[in-house]
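Here you go, one structure.
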């Protein structure tokens, strides 16, 4: 059974159909890419899947249940985490606190316990701290845990954003252009990391990317979006040689 | 930022509060200088009532200047320490605290607004320093409503509300033959509300009907909506016990709307600005109660008005006059007590009998309210003219 | 072990508080601190409660509220009604004031916190005025004359206890997962949602807690000055509190405390120059904002590192700005 | 009360409301322009209105100007002051946190109020009578000539403003800057100059309102700007902040609402009702009646 | 001498080092294109030339004058006009008003009128819609308007940022032929484009950008034939 299944998803912004008839099916454990030229509607599709926008029509099923109408935080709690194209870290917070916030909805202690530091507070806070540091160690950010997020170099900000998303313990991870702004070397490292986290956390991943070396390198299957609709899908090899894709990307041969 | 320890927070508090202690320690030691006697003024220098407070300050300053020119009191010069109460009750208590404990004044010209006097009353009573309000007219200013007892250290120079309110009600019914009246009250002023309440009580007791009971807020400028409503009720008279700035605008706008009936009010009307704001013609057929009449040829009035004009290039209003009177009465009490001891001054002030003030012959009754006759003034072509005199 | 360390720091803080309390209380009892400065110390405490609670809303949760005086008014009046009309003990009245203000904060926050930025600001400003005008028209609590005859229950001890309590509770709240959720709303609402934070819930929660503590401040205020008067709770009062929050630094509790102490002092010190008081005050605001728009401490807490940087010059300070 | 008198009373309240509303509208126009261009709630705007009233007062009393020259003098003076304030207090903070600029605006507001008090004394001043007021009676409803003047001058200024904003080069630049500052820069528009000009015009309009109020109500004082300033902002938000027709509509509606509330209920609740309506409008239509909604891009 | 010479500029967005020593040269009368994937720094380069961003180091020489760090409006005055990414027309203003704003710095009313006729001649669809609000135009029409608006300042060099973005293929062709036309009437053009084939087909010279650096440059026709471009976009 598919982990994520979007059927006939469409959204209209002021008369403009930004995404139309978007059909995607992802099986558990898959690593799928979503590509397309600038302005094709990829991020809009992500926003639909994560509840930031509500679809004008269509269905989204995650883990066998519909997520249409849910708020973004509810969808995250169901098990979909994401990163953003233009990094959205909690910029003024420390690296550690960024990760801690991802544990938020797993925390059980209540308001009164927090205000007076009683009951489960100390135990759970210690647990969170420990888990968060462990996480940062995995992502080689532990030595920077007290650094303010916005002061990290760009590549590390990207890494932190992924770490933060994973800390929410999702089943499905959506990555929105994780390699944007990275140099080839960093992109290479990122590729390895994506493969590794997929295995380590037993994840399903859907990623949007412009950097073809990355997409072609890590994805098992690729969807191509152009003018809001899926125009092709298949393995990296198939996609690379698909004339419709080439045309969408490079333009018509003149 | 989430990392910093609570201790560090506390260290801030420590240093802050230590600083407080330090400053307090230094500040508290300043005492009475030998050659001057300090009077305090706890007045509305900023905020909504700044206009009134600054007039009152001028009145008090003039009194002190005159006394000092004549050699001062008890061989010493007087100074006035002004503290701003920002037109707020709580700040009045604060200012009072400062005057009596920091500046060690021997008496205080207390706030304009009744609520501020009441808020500060405990402070000056605890410190045994008298406060005399130029204008606060609510009965609670001198009588504690919880105990029913007179506040030992609180005085006033103005009439109390019941007196003025009932004087005007009687005047409306007897002299103007009014059967119905409308009330139009400044809802932010307890003075105006007090006058309104006692006007209503007396008016209804004597068989009249109040056909409209409306309110405005200080600093309003447009009254036409409510005046239109009042007009539709056809009252014989309209009672507007507010302050001159709004009253002037109210009467002007009422006349424009064709509301021609007499308008009545209290001492808050007394200002040379009233006919300027309201226009002389609009103010015809209006009456208000006051402490004195400028027609009064008494030397006290004339001298005061002249001196004030010379000093400030303005005509004094009621706030200035009453504040001048309050200050002069305190100085007079000081002279009679032959002492600058606050308690002795208080005792003498309570005994004041037939003191010739700008606002008439004043005696204090048992509840520290001035007993003085009121005059009713009619506005004629922008001039205040004497209508009748009402004795208490 | 970490746990132990934390508890230790809490105990240290408590000891420090008690020490401060003992020192000042002794100074008061021995009359070293005269009544005028006593009064100002109480005002400082009340202002700290107001500023820290508003900072929770504006600084930590990033919601632009400028109607705090309204909640203070609710606290002042509700508690006064409870002590004067129902003869309840002071502590119950404070609880009542906090509850009343908190409940209203919740009821108001639920619909209005959907608004963003300036729109929320103007809505809260309007709400503060509505509260004040409504009180002005309730004769049961004295209307325009104010609610008089309130007993003076607040003293230095009460004020100190509640100031420490407020700072303690809000600081703890911020250091918890709930506080982090609030801060994440400020930092990036969309990312916060994506991290599973129910942003609406936390906005309303911060607003409610902030309002409740403003209610506590109001209760202490009315039971110190014998009176609750509508003129004490105008939007100018809200601006005063907001000014302290911004001056201290949005998101800095130590900044809030410092600003409350500083501005209360400035205000008291300027009382002798009434004509110039507001002019100096306003110029100070403008100049401070021009030269330090992020407030004294930015969003950082005062720390020893910061102090050493100030005193030791900026040579070895870090290169990062704020 | 019979129904015909009720209709007359209602009509009278409408007249009262519209003349009050046109004052709010004039102040609101400046608010909305300034907000539109730099997204600042300029709390000092109400005080500019006060400054304008005083400028008009001194023009008529000291320099013996008649109505029109006094109005122009006052608008020019306030315009310059508005530009100076922008230059000194707001421009250096253009990239600072928004709340810092807001605090600065509060500071400027207090400075004008209390500086004014020190300079011209807190005592209210009475405006000289510039023209005799005549009262016209139409079927029981009363309008006086000053109300007519207020209405005519306000309308005239609004027409001129609409012309300036829609037809002139500077007006187009203003709209361009407020819609997309960066794209405007690419057109070669000097953004600082345009913002300065906007403050000038907005302040001049507020000053005109101040002079009209001075003539109409006859009394001005240094704190006169606080409430009308706040109300005008409510009016601007009501109509849709950033929209000129919105400000005019909002001002008029607010004036009428206030008149009706005072006339048929109680003037003590007038301000509360005004704010309540503001909040309801905000919740129902956050961008105001004629405003446009902008959504954040994810 | 090159008309526009971007010399080793470094630009930062906060902590992000967006342009790492980019150098670009444009000669009078040429079409030069910057191509590369999203996030490569193409738009940032144009924004820096236009004065919307300030380079931390490096020079931008325009006709012998260093314009790096100059205010945007003064750069427009010198004759550099940009059609920004996403068109950014003034949506609530009419087509005519948008064009008027393009001529903001000019006061020669007669010639403005003539230029406007020239723009309408070039974009007949705009002429039909001259009174319409720009926000109601279709994407292609908005692109034309943005270009017309930029031409109204009589630029010596026109900077075009992704003119084909989001447009249907037929429209893209139309836009490119217009770009070529504009160039032929004497305006130098610096073109940023994702649609590499299209861009290379009309350009004289091209620079391929990747993560803030120029990785390849040369004659457009030669680049078009090379495999390198395909790799840069679709991976190796």
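Labels A, B, C, D and E are assigned to the chains in the order they are written; within every chain, residues are numbered from 1.
Just so we're on the same page, a contact is a pair of C-beta atoms (placed from the backbone, for glycine too) under 8 Å apart; a residue touches a chain by one contact, two chains touch by 3 or more.
As the structure is a computational prediction, the values presented were derived from the model and not from experiment.
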Steps needed, at minimum, to get from chain B to chain E via touching chains?
-> 2
Would you mind telling me which chain pair, B-C or B-D, is linked by more contacting C-beta pairs?
-> B-C
From chain C, the most remote chain by mean C-alpha position = E
Most distant chain from chain A, judged by the mean position of its C-alpha atoms = B
Centre distance in Å when chain A and chain D are each reduced to the mean of their C-alpha atoms | 49
In whole angstrom, what separates the CA-based centres of chain A and chain E?
-> 33
For the pair chain D and chain E, the C-alpha centroid-to-centroid distance in angstrom is 42
At least two other chains touched by the same residue of chain D: list those residues.
-> 114, 117, 266, 268, 271, 298
Where chain B touches two or more other chains at once, the residues are 1-2, 46, 48, 187
Would you mind writing out the residues of chain D in touch with chain B in their complex?
-> 1, 5, 9, 12-13, 16-17, 20, 114, 117, 121-124, 126, 129, 133, 135, 137, 142, 144, 213, 217-219, 221, 223-224, 226-228, 258-264, 266-268, 271
Which bits of chain B are touching chain C when the two form their complex?
-> 1-2, 4-14, 16-21, 23-25, 27-28, 43, 45-48, 81-84, 87-91, 93-95, 97-98, 100-102, 114-115, 118-119, 121-123, 126-127, 138, 140, 144-146, 187-190, 193
Residue ranges of chain D in contact with chain E within the complex | 169, 172-173, 175-176, 179-180, 182-191, 292
Partner chain D, residues of chain B touching it in the complex = 46, 48, 50-51, 54-55, 187, 214-217, 219-222, 224-226, 228-229, 232, 245, 248-249, 252, 256-258, 273, 276-279, 314
Seen from chain E, its contact residues with chain A in the complex are 14-18, 37-39, 162, 164-166, 168-169, 172-173, 194-199, 201, 210-212, 229-230, 233-236
